[in-house]
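Can you keep this structure in mind? I'll have questions shortly.
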Amino acid sequence: MIILDNVTKIYENSAVGVKNINLKIKEGEFVFIVGNTGSGKSTILRLLLKEIEPSNGTIIIGDKDITKMSKESIPYFRRELGVVFQDFKLFENKTVFENVAFAMKVIEESPRNIRRTVPNVLSTMGLENKARCYPKQLSGGEKQRTAIGRAILNNPSILLADEPTGNLDPKTSWDIMKVLEEINKNGTTVIVVTHNQEIVNSMQKRVIQLKDAKIIRDVVKGGYEE
Amino acid sequence: MKILSFSHFIHEGFESIFKNKSMAFASIATTTVCIFMLGIAFLTMENIEYNVENIETGINITAFLDENMIEEEIDQLKGIILKSPQIESIDYVSKDEAMKRFIGDENLPNDPELLNDLKEDNPLRASFEIKLRNNKDEQVVIELLSKIKQIVKINTPKEAMQLLINLKNFIQATSAVIIIILVVVGVILIGNTIQLTVHIRKNEIRIMKYIGATDWFVRWPFVIEGLFIGFLGTLIPLITLFFTYNFFVNIFKQALSINEESLISFMPVLEIYQSLVPAALILGLGMGIVGSLIIIRKHLRV
Amino acid sequence: MIILDNVTKIYENSAVGVKNINLKIKEGEFVFIVGNTGSGKSTILRLLLKEIEPSNGTIIIGDKDITKMSKESIPYFRRELGVVFQDFKLFENKTVFENVAFAMKVIEESPRNIRRTVPNVLSTMGLENKARCYPKQLSGGEKQRTAIGRAILNNPSILLADEPTGNLDPKTSWDIMKVLEEINKNGTTVIVVTHNQEIVNSMQKRVIQLKDAKIIRDVVKGGYEE
Amino acid sequence: MKILSFSHFIHEGFESIFKNKSMAFASIATTTVCIFMLGIAFLTMENIEYNVENIETGINITAFLDENMIEEEIDQLKGIILKSPQIESIDYVSKDEAMKRFIGDENLPNDPELLNDLKEDNPLRASFEIKLRNNKDEQVVIELLSKIKQIVKINTPKEAMQLLINLKNFIQATSAVIIIILVVVGVILIGNTIQLTVHIRKNEIRIMKYIGATDWFVRWPFVIEGLFIGFLGTLIPLITLFFTYNFFVNIFKQALSINEESLISFMPVLEIYQSLVPAALILGLGMGIVGSLIIIRKHLRV
């Protein structure tokens, strides 16, 4: 259960991220967040990751109020999340394999487990041939798929994906959405920020639309509307 | 910390050195240079101190004795003076000995007639040559001696000697200041380098935190990296100095035409290293590790 | 006139960027380059910018063979180009205004000119309110629009845009495409790499499709095909 | 280069300092520390050299003359010896003067009878006290003097004096080596810091090149930044040393109980700065600028 209760985020330069957001997302839901550029979609994901703190309001994830979480428990909370960042946030000094594997190293999985799991995820993402490449040797879409691979690796209970198909061709985008749907079926709450009209329209999932930092639409089985 | 993670940390630490060669090089070079300078200052200072001790041994106060004292009185007086804690030893120089020395003085031309005259009617006084434990006590001892009736005149070291001592004190003080400065400098420079290398990798640290790494999971590889870099940066100058020490000592000896009989001599390197190695390791390794930990802190707050 | 004559690019790790590409683009043309992720689209743009050198083949732009260009003339050649990079390549330490203005500073325009021109471009891009923000204070789409603003600022004779709408909502994407069309009408050759099916389909421009490093389709008025 | 761009370069250079404070701080700190150490070494060395000259002035060779020489002959001989280029000056000490000095010698007890005896039948020889221009020529001059028939005996400086000279040579040589090492160290450390700061900004350099900047357009802001950082990093230690010099001199004087009469004295700071300031500026500014230019080069190849 994710609850945003009257959440407002004003950035340091007094730019408004989101304003008075009230939102409930149940466990196992699949949610699209859509909206204009600069309307606050990434801000919501960042708040959920505790990358930034809300200026106002409460955020509850599971049964914990994450705005009051102790410094020590943040890492453990974050391990329950898988995040695809809009700018990928890959380790420049690590190969594709290492980038993905790092998510398992963080939770101190055994090297054996890592060697078994990571190649599966890489092949799901179509990155078998790029395992030993560094991010700067990848195309835009390949970076994006690496980031997705890392996010889904540990079967997180919540998956936050910011524009996961922005650099992918339609076919690959669909493949990725299939993977996300699969993960969702296994119980993961999936929250996808996207501009991809076609995908939102055909998947008929819950759609939350933002405009000027506010939620202007929240439908259970919706499409992309301007 | 699981063993699994430990091997991960070691792997990460070393890999990071190889993947960020220019950073690793900069850090090792900075540490090397700092320890190297510290080492040179240390070797120099130790040698000067060593020689100061040698030379101070040669400096003493001469106390001339009343002509009418008999040997027993002299022995007694000697015993009394020796009780002073500032005094290391006393040599009694009799009238005859004094004359012998006087004749040996090359400033006097070898005029056998005059010398004979002098020897027969010996005008010189017997004296105590007093060695001090510490040159700083000179004034105290002189005051003490001047209170003794039987001592008619006190001679203190010649200006040149005094100058020598002053000069050596000066050098010693300067060296101490230099070593302190070098340590401070080392802390600033090594700290700076760590700051820049961590700055280059602040994104990396952030990403780790975002995907759920604990603070220590982030820190350990840095600690191991700092340990290794600090170790190399300490080892290189220490080994270099160790093997070039004798070479430079010889150059100095030649340049100053110091021979076996000279008062200046050099300490064996092994002896100096007994105190230099721990000092260097503390500076090199300690800085590397503590520095990284402190500087990483601010990037961990995400 | 842009001519790629049998151009091949093999990267250092022996990954194939493009293979035996033959291509002619006339002055004033508007071209879409489409294709799977990793098929070599960005590689072609990078070759045209002289960011990378071809392993084989000749590239002629205008009347110059850019593979044989002297080191000194590269900057002057690049000033004729406007480039929107897939990863934006903004100056992290400069504000939106400064990022855009830098393109004019490079060609030593007067500060007066800069103060007059840059605000116009910013308002075209809808970034008036973000002029004093640094890139890290921008949303994904805002960064992308800054990059586009910088690329079109000097009315380049060739505009290379790599996925210029990957982080933009459909409405803003359309606005941007209108701007590019406008620039094209004024004589600029425009080459756009995109995955945006809808836009390619409705604009009916020349479409070059890549697959596995090769050109598999080149139609004068085409749509997006898988 | 247009004037327009020049103001742009200055603006960029300074802005970059303010926007990359930690980098600027690291560079300034490194330069400051290097120049500071160089300055201390320089001040120390200059003072030692200054004192060496003072002390060497006190060192001379005494050549005793044949008793039978008349004044004219002595004058003539003096003229001849003075022609030797190694000799700075000659003082003639007559028999009478020698006796006066002898009596003044505190080693002799004040026995008026003996002294009178001595004065009447003066056994001492007249001598030349010869000052050398350079102490190293001692052997040459002694050889020269011993060839002169009228000189019956030559006295050279005492071992203590010789030791003093050797020691000072040693210190001088060490200081020179230290200064060379410090310059090398400065080059390495400042170079390192520039390398890291440029590394942090290599993306920036690339982007500039991609949007059509010429190499010099990229370089100029770095040059101005390097100039400013180098200037600050040179000025801070020079000013600090300038104002603390007298303070430290006084500390040393007290610590070594050096008073007005002492042979050790300190050079005025202004005199030393005449050579220190240009040297420091070359190292600080030169490194800042040349260093950046060299290190930027590899990033410009895009």
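A, B, C and D are the chain letters, set down in written order, and residue numbers restart from 1 in every chain.
The rule we apply is simple: contacts are C-beta pairs under 8 Å (C-beta built on N, C-alpha and C of every residue); 3 or more make two chains touch, one makes a residue touch a chain.
Computed from a predicted structure; not experimentally measured.
When the partners of chain A are compared with those of chain B, no chain appears in both lists. The greatest centre-to-centre distance from chain B, using averaged C-alpha positions, is reached by C.
For the pair chain B and chain D, the distance between mean C-alpha positions equals 22 Å. Per-chain CA centroids place chain C at a distance of 62 Å from chain D. The distance from the centre of chain B to the centre of chain C, with each centre set as the mean of the Cα atoms, comes to 67 Å.
Multi-chain contact residues of chain D (touching two or more other chains): none found.
Viewed as a contact network, the protein chains form a single closed ring in which every chain touches exactly two others. Those chain pairs judged to touch are A-B, A-C, B-D, C-D.
The touching residues of chain B, when paired with chain D in their complex, are 22-23, 26, 29-30, 33, 36-37, 40, 44, 51, 55, 58, 64, 102, 106-109, 111, 113-114, 117, 121, 123-125, 153, 155, 158-161, 163-164, 166-171, 173-174, 178, 181-182, 185, 188-189, 192-193, 195-197, 199-200, 252, 255-258, 262-264. Here chain C touches chain A in the complex through residues 11, 13, 15, 34-38, 41-42, 86-87, 132-133, 137, 139-142, 144-145, 162-163, 166-173, 195, 197-198, 224, 226, going by the rule given at the top. Contact residues on chain A toward chain B in their complex (touch as defined above): 49, 51, 75-79, 81, 83, 85, 89-93, 102-103, 105-111, 150.
Interface residues of chain B, counted against chain A in their complex, comprise 2, 4-5, 8, 16, 19-20, 203-204, 206-215, 217, 302.
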